[in-house]
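Before I ask anything, let me first share the structure, which is written out below as structure tokens.
In this document, chain identifiers A, B and C correspond to the written order of the chains, with residue numbering beginning at 1 in each.
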Amino acid sequence: ANWIMLQGTEPAGTAPRADVWGFIQPTYSKDFSSPYAGKYNPSKLIGPSLDSQSSFGIQRARIGVRGTGFPLDSKINYFLLTEFGDNVLTDGGAYGSYKPVLTDASVTLNYIKGARIRLGLFKYPGAEEGLQGINLFPYINYTDVTNQMLLERFPTKGEVNIAPQPTPNANMNAFSQPGGAFRDVGVQVFDAFDMGNWEHTYAIMLGNGHGVQMSDNNSSKDLYLYWSSAYLFDKNAKGAFQPSVKMFTWYQNGKRTDVWNTSQEQDRKRYGAGVTYMKMPFRATAEYMWGRGMIFQGAQNPGNGTTTAATIFNDNKAAGGYIEGGWYIPNSKWELDLRYDTYKRNIGVMSGPMPEAKFSTWTTGVNYHFNKKTRFTLNYAFRKDSAVTTAVNNQLKDVKGLLSLQVTAAF
Amino acid sequence: ANWIMLQGTEPAGTAPRADVWGFIQPTYSKDFSSPYAGKYNPSKLIGPSLDSQSSFGIQRARIGVRGTGFPLDSKINYFLLTEFGDNVLTDGGAYGSYKPVLTDASVTLNYIKGARIRLGLFKYPGAEEGLQGINLFPYINYTDVTNQMLLERFPTKGEVNIAPQPTPNANMNAFSQPGGAFRDVGVQVFDAFDMGNWEHTYAIMLGNGHGVQMSDNNSSKDLYLYWSSAYLFDKNAKGAFQPSVKMFTWYQNGKRTDVWNTSQEQDRKRYGAGVTYMKMPFRATAEYMWGRGMIFQGAQNPGNGTTTAATIFNDNKAAGGYIEGGWYIPNSKWELDLRYDTYKRNIGVMSGPMPEAKFSTWTTGVNYHFNKKTRFTLNYAFRKDSAVTTAVNNQLKDVKGLLSLQVTAAF
Amino acid sequence: ANWIMLQGTEPAGTAPRADVWGFIQPTYSKDFSSPYAGKYNPSKLIGPSLDSQSSFGIQRARIGVRGTGFPLDSKINYFLLTEFGDNVLTDGGAYGSYKPVLTDASVTLNYIKGARIRLGLFKYPGAEEGLQGINLFPYINYTDVTNQMLLERFPTKGEVNIAPQPTPNANMNAFSQPGGAFRDVGVQVFDAFDMGNWEHTYAIMLGNGHGVQMSDNNSSKDLYLYWSSAYLFDKNAKGAFQPSVKMFTWYQNGKRTDVWNTSQEQDRKRYGAGVTYMKMPFRATAEYMWGRGMIFQGAQNPGNGTTTAATIFNDNKAAGGYIEGGWYIPNSKWELDLRYDTYKRNIGVMSGPMPEAKFSTWTTGVNYHFNKKTRFTLNYAFRKDSAVTTAVNNQLKDVKGLLSLQVTAAF
């Protein structure tokens, strides 16, 4: 699917003035990991609050409005979406303070041929897992590389690292600002070009580099570049399930300021490439990506520049990827899914408090599609994590199975 | 009215895809209580901020969407509601931090005959006063037993008790987390069965026991049981004003974790029974209920497990009930209401900082129904509170009249 | 335009039950001021976070519902609006805590001829710049007199003044409560009377005097008075662009409580007058206003009653005004705008930490109207600020140009 176009534009001539839409994701999760010395790190607890090993939750509850700003003027469209669910966007642990957020507020001007302009808060052009319409994401949880390397966290001055804690009520979430949600505020120039059965899409964006927070905390801006080329099996098919093979590559770069020492700045760089395949009854996706700078060290580690362990404000390297596939069982409502993902963090750091660590997960999944807008998802993840130092490895070696159940209902 | 069905399901075949709805409650309140030694406790001040004895407010401002997830698929319905008003859900005093919340986000699967399944965040099956559609509640304020014993509060570590304060700006609200709002996140199995003129309804729910907070702070789950049997005077009448006599009983039980000492847990148990009568031009309701554990000691007392006075983390007992009636004056838009409620807290504790206390209130009311969706309500409450120790009784003996005016406008 | 009527009522007979509406304002701002001694005060930084001199932002993202509460009952209408954008309402700097707010929740009862009654949270009757529909405001930023003297800020206990800071990440916003947004919670009696080509409008309001916070922090209430007389060039024209000359005057008075010493209260008084002219292709507006008490000293100065420098809790005087005009270039989508505004703060205070200061700004502007609901705005402001003491003047003398770009898309 061409997410850049699906999210940034509306089908010409048919979009309503104001289409109220959204989705709800009631969820249950249970973690089967064992504590180390009676204590837990975040990987073994259910987020976002990271208190216990089992919880009901509302992973997302999104309500929005989209359409064309003026009836019959298909040159301008807008996209507004709010999040009331409970997740890394709305529920930071540091002050126990859930609050709803705005996830999208954009206006697209479709006046210049080949250069549509999208302004505001929206998903930046980037990796497939973050860019795709999340209500159509076949899994409940992100891969480790996406969750850790791409889903940016923003520490605030005063937030300090938390050591592993016992349950009940481990309270391991040390961040209070909303996570980046693969979004930024800025301006994007983009368009798609059809050449026979091929569709080429480009996007260039300049943004704050501050996630959904809607104001920049420094004057440097982030640059995002994106290219995809898709072979369409059926040019007349539209939407998220358009039969196609899509190859894509992306790059982003910006500066971050140390919240503990605001005179310090450093680069945050990410890039990657991948391919998607969709043709009923099969779906497949593979991505690989690399990162340098601001490598996230876990929900318990916002970092502290006043010590030598700056934690999240670092210049470390990381890389990872995943491969996944789905089989929509013909003449049934069932879909079977399988995903393998791997992530290496702090590559080449062989000692100290933030050593090289490796995360691998096999996720098995089943989706039952009640109808086009409602499905039930069951995921079981087999996880194997490790680190090159004993202290950190002790926390990771007993990360085990994670069961997740979810209903997604869109409206 | 059968709230379990009215809130959890949609009328088959007629529900829209996305019905935007909600209501607004502009309010004015004035308290006529006297201070003790120049200082006030929360009962004498206007909530949720508990600063002064008179205030305009927006008791509730709810916006939501409900419907069936997919046109013509009456097997699945959803219910989404957000709260932007100012009350115990949105405005904790501890950090002076108003924030909107999600009150409901549920999906109901109506596939199994006799066992509908509701998932997500919604009102748990329980006492009538909390369960009913609040926009139809004939009074402005809850009874004491409902407000204190059922409307759960969740203290956070760091919140401490506040001694009585002088006005202006007494600032007596010591809680920052949203109150429970008779809601939980979890899964409910339920249905209603018609047998002649009788309608029997059951509901079983398992939830976090953490109110609207959407993530559990411990691994134990709360259990809720509900049964009602209603005699329908008119089987064809539907909705909230269905003529009927309904008898019901309910039970709930769960564990709570001490926020000041997270290794400690204890039971929180509640149960009750009641009867409602509705046949124009009369309405009557009576309920009685009992509770043990986590007995709320007032908005100024979040508790502190580090001292012997653990306040809200206690194993005390309480009980209370109310009886009320309404007369819809025929051929007019007027409704007259009268309610008596009583509540006994910390039963049998005859000394110490949290002694047995008794609360009784006569509430007189008038509703003027402009139309089916808009009404004006005037309430005047005569209150008589007391406690068995002099220190606490001094704070309670001068709690007196409370005048409340409100317009409820639904859309 | 008659904002009192446009916002408080609905056109008889045609208003829908629930009209979902709102607008989005993606924005980019760049400040060209110079630091003093390497440090910046708020005037030189981009709000609301006041971290750096350039930022993309979402100045407003409003979603609401308005209509008549019951189809065909034109005697009652309601107005509900929420703010999800990033501004003084939603993003206080003190805890870095963005949160959405409710900006309007009102019900209007149109039963008494000549005395319509509006209840709830809404814009109080006052100065034109604050009262007008903000989605139609031709400029991106407010004048200084409106921003400083009328847009009330509410400090919280614990918030202290911040000295000028270096960038990146100056973090100069010291307030955490939402700004007043020219709104209050209370009750307004109002109506408009047509006499030939003249339309006279009055409004009297009683409110908390606590902005959008929805609960009063003291028992005294604010009084608002408003009168306007408009000559209508075309009696049949309606709406925001109705051709007319309007003269108006207003007054408001209330008490504020010192958050640092809650036994102290003092008056806050504001009044003013102005005239508007609208007849295509020209628009002109002029206002002047005066204030005493609670004179805002800047986003870095919430005040501290424990020292002699009480900052925002003061009895100082201020005054200011502006004159502006617009030319809608005939047969084009372009509009040219020019505005001059001036403001004098702490009048007559010739020494100390809060001396007399003067702010003057010329704002040049261009609006390009894509269609009736979408426009692009470019503003460049030439600013000249000064103070009578050297210490404060050093902070103000290098406040220079401010460039702002914005798209406003209404739906």
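The working rule: a residue touches a chain if its C-beta (ideal position, glycine included) is under 8 Å from a C-beta of that chain, and two chains touch if they have at least 3 such contacts.
This one's a predicted model, so the numbers in the text were calculated from it and none came from an experiment.
Enquirer: Report, in degrees rounded to the nearest 5, the angle of the rotation taking chain B onto chain C when the C-alpha atoms are fitted.
Expert: Rotation angle between the two copies comes out at 120 degrees.
Enquirer: Taking shared residue numbers divided by all residue numbers at the interface, is the value for chain A and chain B over half (same) or under half (different)?
Expert: different
Enquirer: In whole angstrom, what separates the CA-based centres of chain A and chain B?
Expert: 37
Enquirer: For chain A, give me the residues that contact two or more of the other chains.
Expert: Residue numbers touching two or more other chains: 20, 95, 97, 99-100.
Enquirer: List the residues on chain C that touch chain A in their complex, please.
Expert: Residue list for chain C touching chain A: 20-22, 24, 26, 28, 46-49, 51-58, 61, 63, 84-86, 91, 95-100, 166-171, 370-374, 407, 409-411.
Enquirer: Mind listing the chain A positions that touch chain C in their complex?
Expert: Its residues touching chain C are 17-18, 20, 65, 67, 69-70, 73, 75-76, 78, 80, 82, 95, 97, 99-102, 105-107, 109, 119-121, 156, 176-178, 185-187, 207-208, 213-221, 257, 259, 262-263, 265.
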